[in-house]
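Following this line, the structures themselves.
You will see chain A twice below: alongside chain B first, and alongside chain C after that.
Right after this comes the complex of A and B.
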């Protein structure tokens, strides 16, 4: 079969798939283990973010190689691509982009459905845990590799009783890919 | 038709050679030469994108010499993959994209590979050899 040509086609192309429940359960086991190891939810949130970051810096190339995405001209496009193509490709669901700040540097990614949290009920002892915090890290890591420094965090979490999952995405700085030419200075 | 790729290089975003391999008998380079060529190319590529009269240029994609062609692919993350081939070999653009896919699959997804470090992954070597040696048309037909 010819390789998919449009970005959105990829998710429907024949890729290797893994049972969704195995994925969900594996993630659950990781979070449980982190809770056991670190005991404090704040620390677990941080660890999940770091793990996600390490995934993101690798995953970005996979994303670029397989989605046929070219350079985004502005941050708004970037957010759309993450929501519509990125999430679809790796999580199987797409997100909605909304709540743009006036200067266009901050927005929300809203997920109505989140396979990571399918069977999860947070016990009272885990209040304060952002169960899916790994996603924030992935986005942050991926964007950093294409020269965007961002801050990514959950502001709404269905596991905490909110009506959706909302990830706040804030562009801090765009680092231009400049080479240090001016060696005479 | 025999393989027409002479050498393959991968350089990381800071210009370090992280992978080098020669295929076939022509144009073999020793370690020093491969390092020299890689860093030379990294700089030339950078300079070319600055000198280019065309706006938004991302650097040289193809260099044609008397005895070989050099095809270069740069990902948006700054990793460069380039090959030297027999003059006039077609379909290399596509082949470089496939090599990039192999790189993301067998190098970056290997949890024991350290990002930006020299590549020592057997699966990558194996799949790469298969792709490059398949035949002259490998680049045209895709996977």
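Right after this comes the complex of A and C.
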């Protein structure tokens, strides 16, 4: 993993950072609470996605404010920005984009290292759990606030024995921006 | 058996290297996560006391694990056995590793022998939280109180730990105090050890 560069990089220079272990352990506490509250692993996955969505709709403002990114002209740029700037800024790890579909509307984000899943091992009773599903919700929520409806899900999960974390990002549609007032009134 | 059937790259979780604990994530990432934790728990409870208890339980789990991690990494697998030493461990080592600075102060309670207080001008977890008036004295520092409780319990010092707001003259925002009340057996043990 490349060490975070601090000199001159907008996303890192003047902001506050917190110990990644506190973050990891807090996330673990959240997942544990969800597992005790809900009996079904599928329910927990959905709940994590919802929580991620709530975070994402607010995170996008923070991201745009701190990163000074210019508007993306197409979905390819969006995916690159999420992988290189977004993940790097918030989680301190960089993702790579790959496996583009033929029409450019689907791609994979590959994470080799994920601070959310440090120290974690899934027991046999929770094999259907997507432990980091909150990330999918965050991406979905954030993109929805910038007028892109997407479908985001995990296809490879290191906690389930795969060699990396892979998130499949699919653009469903670009929603035209709705103005809250009519021009002719 | 866990570990059988996985590829060679995936070591058993207890065999993987621990890391130095110096990696950091953005504060807002943690703040968002914590706010979701509080919001989720708000939907599952009926009153403030239960909300505080659930936050405390979440913090307890963090505390136990932090104790193991820090004892292994910083203290060379030695754990404190005396009261004042464990309090100073919480006040400096745990605080430094979780929040990047030592706690503002550690005081002994004047009214009772078994009470100690760790104070902080502004808890990191409370920085972006505003409590509405109808929630009274609710303090999200209950999470941090849970962390402290987890560390103390794990170290063999059972205690009741709570978080309170204490108004300070001249400051617009109140200070947060974590009140630690040790159980009887801890004090008896301390007295025996001399």
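The rule we apply is simple: the second predicted complex is superposed on the first by the 168 of 185 C-alpha atoms of A that agree within 3 Å, B and C clash if a C-alpha of one lies under 4 Å from a C-alpha of the other, contacts with A are read in each partner's own complex, and residues count from 1 in each chain.
Everything below uses one rule, namely that a residue touches a chain if its C-beta (ideal position, glycine included) is under 8 Å from a C-beta of that chain, and two chains touch if they have at least 3 such contacts.
Treat the numbers as computed from the prediction; the structure is a model and nothing was measured.
In the superposed model, A:103 lies in contact with neither chain B nor chain C. Of the two partner chains, neither chain B nor chain C is touched by A:39. Look at A:62: by the touch rule set out above, it reaches both chain B and chain C. Counting residues of chain A touched by each partner, chain B versus chain C, the larger count belongs to C. After overlaying the two complexes on the shared chain, residue contacts for A:20 are found with chain C alone; chain B is out of touch.
Shared-chain residue A:71: touches chain B; no touch with chain C.
By the touch criterion stated above, A:146 is placed in contact with chain B alone, chain C being left untouched.
According to the touch criterion, the shared surface of chain A, contacted by chain B in one complex and chain C in the other, consists of residues 58-59, 62. Within the complex, the chain C residues that touch chain A are 2, 5-7, 9-10, 12-13, 19, 21, 23-30, 32-37, 39-41, 44, 54, 57-59, 61-62, 65-66, 69, 97-100, 124. Interface residues of chain B, counted against chain A in their complex, comprise 46, 50, 75-79, 97, 100-101, 103-105, 108-109, 115, 142-143.
Residue ranges on chain A touching chain B, taken from their complex, read 2-3, 57-62, 64-66, 70-71, 145-146, 177, 179, 181. Within the complex formed with chain C, the residues of chain A that make contact are 15-23, 25-30, 32-34, 37, 47, 51, 54-55, 58-59, 62, 89-92, 115, 118-121, 134, 158, 161, 163.
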